[in-house]
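Paired with subunit B in one complex and with subunit C in the other, subunit A is shared by the two complexes that follow.
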Partner chain A sequence: MTEMIKLFVNGEEVEVESGKNLIDALEKVGIEIPHFCYHPALGADGNCRMCLVGIEDGRPPVVPACKTLAKEGMKVLLDADNIKKIQHDVMELEFINHPTDCPICDQAGECKLQDYYMKYEGTESRMWVPQVTKRKMQDFGGGVIHDQERCVACGRCVRFLRQITRTGELGLVNRGDDCRVEFFPGRPINNRYGLNVVDLCPVGALTSADFRFKQRAWFLKRAESICHGCSKGCNIMVDHNKEKYEDDIIYRLRPRQNEQVNGWFMCDEGRMTYKLENDNRLEECTLAGAVRPLADIFADAERRIERATKVLFLVSPSASLEQLAAVQALAEKTGATVSAFSDGYIVKDDGDDFLIKDDKAANRAGVDLLGIAKSRTHFDNMAKEADVFINFGNDLSRSLSEEQIGRLFSDTWVLNGATHPGQLGAVMEKKVGSSIALRSWSEYHGVVVNCDGIAQKFVGGVMKNVERPDIVEMAAGLGSPATGTAAAWALVQKKIPALAEFGGFLELPAEGVKLTDNEAGK
Partner chain B sequence: MSDRSKLIATGKPFKFDKKRDTEFEQLVKRYPSRESMVLPALWLVQEQESWVCQEAIGYIADRIGTFASKVYEVATFYSMFNLHPVGKYHICVCRTLSCWLRGKQDIVNYFRDELNLTPGKATEDKKFSLEEVECLGHCGSAPVLQINGEFYENMDVDKVKKLLATFK
Partner chain C sequence: MAAKVKQLPSRGGTPAEKVYLIEIFKGMAITLKHFLRNLWDNSNLYVRHYPEVQPDIPARWRGRHRLLTHPDGTPKCVACFMCQTNCPADCIMIKAGTRIDGVTEKMPVSFTIDLAECIYCGYCVEACPEDAIRMDTGIYAFTSSNREEMKIGMTEMLSLKGGFPEEEYQKGLEGE
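Moving on to the complex of A and B:
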């Protein structure tokens, strides 16, 4: 527990956490101090002057809140006339050369300038001199588009690239009202975290080339999810929307704060994984090449599992704990073997020391916790013996070539549950007995364990027009005792006692639960 | 201030000559951190070439081991660094308060009318170039000109006329 201190805001006593600056400390208790340049991840810079507050203890009349530590008994003034005038005047200054093109600006709806104008300024422009015009739609590289006129010169992007990625592509050049953000000619943004500057930018100066003009911010529905791009498990917000007569589509992924995992950021590759969720998805369930209702496929497969001498299930290392447990329960009931063979998910030397990991599977730690085998030899041996093979969403084409898959399952009956075509290789897919189109991670809820052993919940908000089963439903259809996510979650809790204290998976704390390696089967 | 962010590329790689190279290495020892070398290095470039080109900024950044954007920031912030080729005589007219009140505009207009020379430009024969700069710190004897580093105080159009004649 952090120590609590008492201080006074506008004469009223509030209790805040100690060791924080005034902006952060008061934000936690719902008191806003406006600011542009300060960001918790980048530290105080003090250049925007928007957070000036009065402190009644003989200090200078006003001090920047971002650089002032909250102290016991401090008397903070936020509503004094001089503070209000400063906020009003700083806003007026920011607007002198601002184009006020909100109707065509992507940031509209989530823009600090808009919010603060309504709250702290609200007056008409008094300017009659021509505005300083600057460059529009400048390509900063890395998918970042810059509009110099909208910039408030807070320097968040500059500081991010210098402090966090240490690549320093951007700088604030010129001075006075000609000040602008630029990259040195020939050295544009070129790093794997560049798009974070778009989130950091408090105004519409930096926008994402990928998201620009696709959707207004206020139409987007948000779902708190976990990135499935690698084993880091960055906390993300899935911004999606279903337009009339259209399918529910994800427009962008944004990082969500979690100090334990990703801080405030995520990598550019992870951000682009939303495209896989939208495009080229399997839609139909087939039996012997013909489209058939799911119930028929389940009934057929169930009969085959019963008659088979050896059954092999392959699960994905990105599947949620619930899904893994449901498949495991089905395997226990039918005497099948479960493998999570997925060597191809590991991309050697791709990771770095920040957020990107070599392992591109979201829940490999969960696979280990549940004690599912994943070695190549185990999988090869089992595949040779098996006469029924069921794939639960594993992208086997990452680990094995088409010929290798074909050879392994040349005389095996195969049921392929997959999200995208080609996960067993194009040749094999023509030979499968039946196939089921599955939901992907943005469409179901669950819990995954990241590379540091932190179990995190995620919510799937996307509702596709085409109804697809998720892996828990697929396992249940094939006869798994875990008939739903709740039942599967109970199985997970039995295997991982550290999770037992949480009723449903939604009760997991937002920052995740740290599990230790020997947690399983305690 | 005008927009100084558009750098001019010569298309040729920049390098310190021998004299500046040794001077650079001596100056490095003077400072606790290499980053402090940004300003001295820019001065060295200007001494050598009389102006600072895009390649020189990249060269300095790599030589110091800092981000090119940082050197770019400094070079565009200070109007003392010429970011375009200058004439044989580079004339800086102070445009800050005292000089403005004491008639710097007459002098600027004189250059415009007589020599077809506007701030930020050079004459066709590359003899003169003109720049309006911020306070030169000689407010007591405003208006002042600075020509190739030399100060000329209490100037007016007549004095400028006579002064330019000596340069011809």
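Moving on to the complex of A and C:
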């Protein structure tokens, strides 16, 4: 528990956490101090002068809030006339050479300059000399596009690349109205976290080439999710929108703050995984090659499971705990074997010591917690014996070649539940008995456990035009006792006592639940 | 054409009028009188002989939309989506892309207005920061036999010309 201290803001007493600077401490209690250059992950720089606050009886009487620790009994003045004048004048300075091209700027709607203009300035420009023009649409590399005219020279991007990625591609050159951000000649941004500078930029100076002009920020609906690109489980915001007459598609993924997991950042590869959610998705459910309603496919598969001597279920290591539990319950009921064989999800030596992990499965720790076997020998032995094989969204083509898959299931009846075509290999997919198009992670809710044993909830906000079942519904259709996500969650809670205190998965705290090593089965 | 207004006194209080039947016959007599008169000469009718006679419309009339161009012929629109954001009927559909004619950075790749859904409120014109869309074509009639044809695209809207002289249009904006 952090120690609390009392201080005064505009004469009113507030209680804040100690050991923080004024911006962070007061933000926690809902008091905003405007700032450009300060970012909690990058530390105080103090160059923008926007966060200057008055300290009554203080020496000096005006201090930058980002560099001032909150102290007991401090008397902070935010609405004094001199502070308002400072904020107004700093804003006016920023706007002297600002091109005000909001109509074509992607940052419009989430821009600090726009917000602060409305709040702290709001006056007409007094400038009559021509504005300084600089380069626009400069390619910074790594999918980042820079507009020098919009830049407020806060240096967040420069500090990120120096302090966090330690690659230092960018620097601030020159002074005064000629100050600008540049990369060193011939060395553009080239690292796996480069796109974070787009989120860090408080204005529209750095924009993403991938998201450029796709959508205005205010049209986007937001869903708090977890990245399923690797086992780190970075907290993300899924920005999606359903345009008129079109499908609901994701336009970008942004990192969401979680100090326990990813801090404020995410990797570029993870950012681009949204494309998999939009493009090339399976849309139809088939039975013996013909498109049929789901109920027919379920009824047929259920009959086959009953008649079969050995049934093998293959689950995805990225499936949520609820989905894994639902498939497990189905296996217990029908006497089938469950495997989570997914060696191909692990990409050797791809990870680093920051966020990217070798293991590209989002919930391998959850698979272990629920005690699902995942070894190759177990899977091979079971596959040889099985006469019915049901795939629950596992991308087997990552682990085995087409010939290997074909050999394993040469005389097996296969039901393929998949999100994308090709997950069992193109050859095998032509031979499958049935196939079911499944929902992907941006379309369902659930809980996954990351590589550090932190159970995190995620919400799927995307509503596709094509109705697809998720794995819980697929398992329920095949006769699983867990008929819905709530029932599946109850099963999860029985197996993982640490989660038992949470009524529904939505009651999990936002920062996730850290399971102890014992609970996480390590 | 100014409308002709005729004030009639309120009636219906006397006993003869309360019998109704007398008044009905009186009314039918009036109808017959008008019928016989207009049979020979219909120049006094209170109707416009549309479409042979077209109405006069003022410069502020909100007719069909057009997209404006710079003097060099490039579209003024920068695809800022202000009109689409403001549209209460949700009838504007824009797709934005990188500009290729060198004017700014952004331009619409497609700009569609569904005239069947448009309520002609003029909010798109008010919202536009670039004066790129106006409803001053003076076209008020637009018919089609199917819904798809009611959608007009960018090329069509760019090719339309304003129906009024610029000074008259600007005068209409005064006071806004």
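Note that in this section the second predicted complex is superposed on the first by the 518 of 522 C-alpha atoms of A that agree within 3 Å, B and C clash if a C-alpha of one lies under 4 Å from a C-alpha of the other, contacts with A are read in each partner's own complex, and residues count from 1 in each chain.
We adopt the following convention: a residue touches a chain if its C-beta (ideal position, glycine included) is under 8 Å from a C-beta of that chain, and two chains touch if they have at least 3 such contacts.
What you are looking at is a predicted structure, and each value in this text was computed from that prediction instead of being measured.
Trainee: What does the overlay on subunit A give for subunit B and subunit C, a clash or a fit?
Mentor: Aligned on subunit A, subunit C fits beside subunit B.
Trainee: Look at A:180 in the shared chain and tell me whether it touches subunit B only, subunit C only, both, or neither; answer first, second, both or neither.
Mentor: In the superposition, A:180 touches subunit B alone.
Trainee: Considering only C-alpha centres, what angle arises at subunit A between the directions to subunit B and subunit C, nearest 10 degrees?
Mentor: The three centres form an angle at subunit A of 90 degrees.
Trainee: For A:259, using the defined touch cut-off, is the partner it touches subunit B, subunit C, both, or neither? Pick first, second, both or neither.
Mentor: Touch status of A:259: no partner.
Trainee: Who contacts more of subunit A, subunit B or subunit C?
Mentor: B
Trainee: For A:169 in the superposed arrangement: first (subunit B), second (subunit C), both or neither?
Mentor: After superposing on A, A:169 lies in contact with subunit B but is clear of subunit C.
Trainee: Taking the superposition as given, does A:212 touch the first partner, subunit B, the second, subunit C, both, or neither?
Mentor: second
Trainee: Is A:56 touching anything from subunit B or subunit C once the two structures are fitted on A? First, second, both or neither.
Mentor: A:56 sits against neither subunit B nor subunit C.
Trainee: Considering only touches as defined above, state whether A:136 meets subunit B (first), subunit C (second), both or neither.
Mentor: second
Trainee: Report, in whole Å, the shortest distance between any C-alpha atom of subunit B and any C-alpha atom of subunit C after the two complexes are superposed.
Mentor: Minimum C-alpha separation, subunit B to subunit C, in the superposed model is 23 Å.
Trainee: Which stretch or stretches of subunit B touch subunit A in the complex?
Mentor: Touch list, subunit B to subunit A: 1-5, 7, 9, 54, 57-58, 61, 66-73, 76-77.
Trainee: Sort out for me which residues of subunit A touch subunit C in the complex.
Mentor: 101-104, 108, 136-137, 212-214, 216, 218-219, 243-245
Trainee: With touch defined as at the start, can you tell me which subunit C residues reach subunit A in the complex?
Mentor: 78-82, 85, 90, 93, 96-98, 104-106, 129-130
Trainee: Mind listing the subunit A positions that touch subunit B in their complex?
Mentor: 134, 158, 162, 167-178, 180, 182-187
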